[in-house]
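In structure tokens below, several structures.
Both of the next two complexes hold subunit A, though its partner changes from subunit B to subunit C.
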Partner chain A sequence: MSINPSLSLAEYLERLPGTTFKKLYQQPSTTFAIFRRMLPHLAKTFVMRMLFLPHPMTLADLDAWVKPEAKRKKDQSLSILRSLHIVQISAPSKEKPQEIQLMSNFKRSLRLALTGGGNHNSFGVPSSLMVPPEIDLPFLDRYARKKWEDVLHFVVSSVGYKSSLGEGSGPNKGVKELLIAGQLVDRRPNGSLGITQAGFTFLLQEANAQVWTLLLLWLEVLGNNKSSGLDPVDMLSFLFMLASLELGRAYDTNALTEERRNMLPSLVDFGLIYIPQHKRSMFFPTRLATTLTSGGNSLRTISEGSLGLLGGGGTGEQAGSVVIETNYRLYAYTQSALQIAVLALFAKLNMRFPDMVAGRLSRASIRQAINFGITADQIISYLSAHAHEQMHRTAALTNKPVLPPTVVDQIRLWQLENERMKTTSGFLFRDFTDDKDYLDTARFSEEIGVLVWRNDNTRMFFANKHEQIKDFLKSRKKAE
Partner chain B sequence: MPRAIRGVLIECDPSIKSIIVNIDSVNHDFIIEDLDEERVVVKENMVQLLKQKLEDRLKENLPPVDESGSE
Partner chain C sequence: MDAVDVSEHYEVTAADNSPSLLSIVLDTNPRAWAALDSSLSLAQAISNILVFVNAHLAFSNANQVAVIAAHVNRAVWLYPALQHPSSTTVKDNSGDVQMHDASAETSLPPPSANKYPQFAQIESSVFSSIQTLMAETTVQDLDQLTTQLSGALTLALCRINKAAQALSSSDTTLSNAAPVNATAPPPVKGRIVVVSVSDSDPSQYIPTMNAVFAAAHNQVAIDTISLAGDSTFLQQACFNTNGIFLKAANPRGLLTYLMFGLIPDTEARASLITPTHDTVDFRTACFCHGKVVDTGYVCSVCLSIFCTPPDNAECLTCGTVLALGNYGAKPAVLPRKKKKKKKIANGSGREETGSATGTPRP
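Take a look at the complex of A and B:
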């Protein structure tokens, strides 16, 4: 079975069946995490207002909460709430108006999460043992950064510049195999490893998205492998629980179920948790774990800041090391093998000095990058995020943009040259029996935000998702 | 009863679209539906091949841009 490497959390969740959600929502921490991370503001407001209602309310009442001009937003929110199995809407009928209510599991768990109480232990059990004094926040941050950079290094090291690290210092074997299974890197015929298009996209994602990509891969690989004895649903709710833990605090491993204890070694490999050598019965979540469900991004990323994950200190490179001139020459004052490897993805580097590399952007180098799946905008934002202080100073003095406009334009033009077409996968709807049928369905898909293109003359439209449209068509058929 | 057909919507310049139609005309195994001047729906599993064929076609017709400039 092939695994989609660029799967986001939202897409992963949407594919889960309703029964899985029932199980997930038994845990207050999971419920809370999904509420916090997956819902747009309006949907959150709906949930909060319905949370303590004793009875279902009518859809008409809900409509009254929303200004008419925000109908589209409301419909999208409801559509998300339904796809995550958070609300239940009764089928339309003649006798009763349509009613909406929160799913009982979700409601109970979210109430518990907000008000406390119960003995579900779903927010972790703090360890009662003495915490070793050397384990403090900077220590955990350093540890997480090291682990995560190892992973990124491994992905990047197959291109251009070989990293100076030996074989042994990369991530654990299990992580490597996971990256191969997820097709972020693949084995070439000659036995060496090479980065794939998905790998490049992965590399330029923000750190939080990277962690999720890796974790979802992990869930899928284990889910496909029945013999592992791990239940992906339980794993997912464990991850959500980790996300609700407090950074810098020790938690008791004995309070976890055996399956969850078995997951710990892998989580150590990813750098999500730390287990002290001499005290195996406690674990510390790192910042990678505790920020899993926060919408904001407390980790700096490759595309917007330095790779030194949490900024400051450590061995990470400094932000702002790249100088680019109007003649497409590029200089980077860096020693970081990782940054050099990233630059080598889209620039032709031809000189390396002890603390600097020099190279050039060319049509061929940008083209190569684009073939690997990197977009011009990613390159440009990388360059501007890493622009050298001197570039900023000159720009401020002459009142010009930081990057030379000629270079920026040219990178975009090079991309246009290659990206001749825009592709969207989805479904073409056609053969509608009459105009009304067509117009209603097309309007419905526009309202839930899946419509990509429509042509009223030929009665066809293209949508990027079909599940809800199918339901809509079915319910129409019944109503007739 | 309306039908839903899985596919990939391709949006491009009319010139590119006519090349796509031309590529398809050999075996008719790419295009599901020709929508308008700038859009076609193509079979999902054929997109990669189509991109490659398009690239080859463009290479035939466009001379490679001269890479000038000193290193």
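Take a look at the complex of A and C:
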């Protein structure tokens, strides 16, 4: 059983076969969530424009919508739409121009999601029982935060930074096993637990990506385990449904299918839902669940209001607490042991105040992090995901990047000092019959954004995905 | 090897996914809708607009929406609903004067499981507000032929401004200290869509244009879909704010117009070719009678526009006494040509042209 621990949601979805998507798009809530979460902005605009068109439209028309300088963006959008099986593009032929249309399943479900109606119950059946008065939004936020912090503490404490919580309050046994199975932590020969490189990657992700990483691990583990009787597609669909529920409202567990009810205990362990002790027939989605379909940035903006409790899954780790200056000094306004532990992975912290820690990035501290298996890109994305409000403000006012470019470059340089190679897994295309064949294929792969390297003299190119190139080659052959 | 130098570091920017706020101004002039009723009733139009609103919200859950009715005598919030304590009997509210998103409302019936909760809230809020609005409309109100558009535009701008401030700075002291850079992109992508069914009211020219210039200054685009009537000022509004002006030839297809022409927000428009308006009616209204004029008189000091010379030649806005010159003097075109020849011969030019003050009209 091979599990790729750093699997992102996009990669996971792309590997699913087309029939799975057909099933996923049966449910309006799933369709809606995939639309919201997975597509780039331009692709969303395309989908919306095509949504109420009665007939397929020609690709040439689509080209006419887009400004010439945005062609690359358009091609990438189309490529994503195709890989998620949202659009269908007819094969090129001599008689008819290429046509594009939305998949009928997707179209019907998204229309239903926007207009309402139907009888699919995919947005959750609210519970008709009385809601206990003590369950309000702060309560749910506290609950979800506690659960999620437990998970993170478990991962982080294996590095040797002891959490402030007692040993007994760790996550459930099932979650621990999942983390081990997902190779976020592994058992060392001496019996203790140690964090892996995937674990570091996990820690440095923003909260939303962390939740998805864990959920995908869970799907994969259960999917491989046939005896569990759970269908990964149905589970995924259920997760997307959770994302479209309303925070603070009670939902009825009896309206769920048997399989979905069986998933609930695990979701409680992750902190995605809450089930009151004495009322087992209702569940409350927490903020971790309802923000599943929002990107990292929108989490930041949501947390602006009164909702800032759970920015990054930790108390002090609310989105935006780290200030980094051009002289590599780093200040973090936090009390959370968790965030301090994470920062200590790549920065040398030398001062600690009741509400703040200060330190600096140095060559030695970054090298130490790289030895742990953390990459420069992870550090940079962590810093930008947790940048302080003030950093965002000054960046917006002066029209500059959030992080000082000099620091970003230096972190990369420090990494490059002994990592002089970057590997990309992919496919080498060579032995083309003639030059035109080669040039066309290479140009196509560049347009859809999968081209990594090309050499025109030897007629070879390297791409990190091959499915669409394969289709392209096939359709070329047919056209001849 | 050169991985560091390819200016990759600029990808870590702040505003790659800022929320987008859509304000819809719906013209609810009862007369105009009655005239349109055969092709598109108000109820149908509202359902179409709600689908459009849902589509906008579907883009991202940070996106926000506001719906404002521009009625004959006032502008009214449809969503988020402004609750009057006096009208508690009519609406399902908690008597809260504060304006709040409907998510805070507790007394709503539980939503259907077939609908995204937020969509259901907006729908019920819009429908109940519009019912109240129509119930409160009196017979006298119907005498009005035009709509209070400027008020609605101003409300929409206030809402966008409020949202932008809430997003850009959580504490005001810091933002006051920092110099405001005019070139910085706004923290929220604001946009106003006006659904217009009636003519522009010339008496509202000045307030409307004030709102338009404020919108242009805040980089808020005003888009218009005109279902009926002659909306002169809105054409100018769209032109000034880089918005889209659509004249719906067939009002029945409102949803298609909305979904196709107006769904891209300002971010998507950067890469899309937007529908252009080839003819823009640039006529203005005069300051004295509120009439739309082609040619008029302009005060040389404050640039106020008048359709006739004001009394005592005194500007109504700034009070400057203006000299009209020989306005109305007949330009003598033919004799002058002859004089010109003479002038060149004589070499002496200007004494001959007696009426030097007034510029002859073409």
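As a working rule, the second predicted complex is superposed on the first by the 366 of 480 C-alpha atoms of A that agree within 3 Å, B and C clash if a C-alpha of one lies under 4 Å from a C-alpha of the other, contacts with A are read in each partner's own complex, and residues count from 1 in each chain.
Methods note: a contact is a pair of C-beta atoms (placed from the backbone, for glycine too) under 8 Å apart; a residue touches a chain by one contact, two chains touch by 3 or more.
Owing to the predicted nature of the structure, the values given are computational and were not obtained by experimental measurement.
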item: First (subunit B), second (subunit C), both or neither touched by A:K147; value: neither
item: First (subunit B), second (subunit C), both or neither touched by A:H386; value: neither
item: Partner chain in contact with A:N350 - subunit B first, subunit C second, else both or neither; value: first
item: Partner chain in contact with A:K107 - subunit B first, subunit C second, else both or neither; value: neither
item: Which of subunit B and subunit C A:R49 touches, first, second, both or neither; value: second
item: Partner chain(s) touched by A:K422 [first = subunit B, second = subunit C, both, neither]; value: both
item: Contacts of A:F123 with subunit B and subunit C, given as first, second, both or neither; value: second
item: Dominant toucher of subunit A (residue count), subunit B or subunit C; value: C
item: Contacts of A:H85 with subunit B and subunit C, given as first, second, both or neither; value: neither
item: Overlapping contact positions on subunit A, where the subunit C interface meets the subunit B interface; value: 420, 422
item: Residues on subunit A engaged by subunit C in the complex (per definition of touch); value: 28-29, 32, 35-36, 41-42, 44-45, 48-49, 51-52, 64-67, 69-70, 73-74, 112-126, 128, 244-246, 249, 255, 291, 293-295, 297-298, 301-302, 304-305, 380-381, 384, 389-390, 392-399, 401-403, 405, 408-409, 412-413, 416, 420, 422
item: Interface residues, subunit A side, partner subunit B - complex; value: 327-328, 350, 360, 362-364, 420-433, 437-438, 441, 452-453, 455, 458, 460, 462, 466, 469-470, 473
item: Residue numbers on subunit C that touch subunit A, as the complex places them; value: 1, 3-4, 9-10, 12-19, 51, 54-55, 58-62, 103, 110-120, 123, 166-170, 174-175, 178-181, 183-185, 187, 255-256, 259-260, 263-264, 267-268, 270-273
item: Complex interface listing, subunit B residues touching subunit A; value: 1-13, 16, 20, 32-33, 35-36, 39, 41, 44, 47, 51, 54, 58, 65, 67, 69, 71
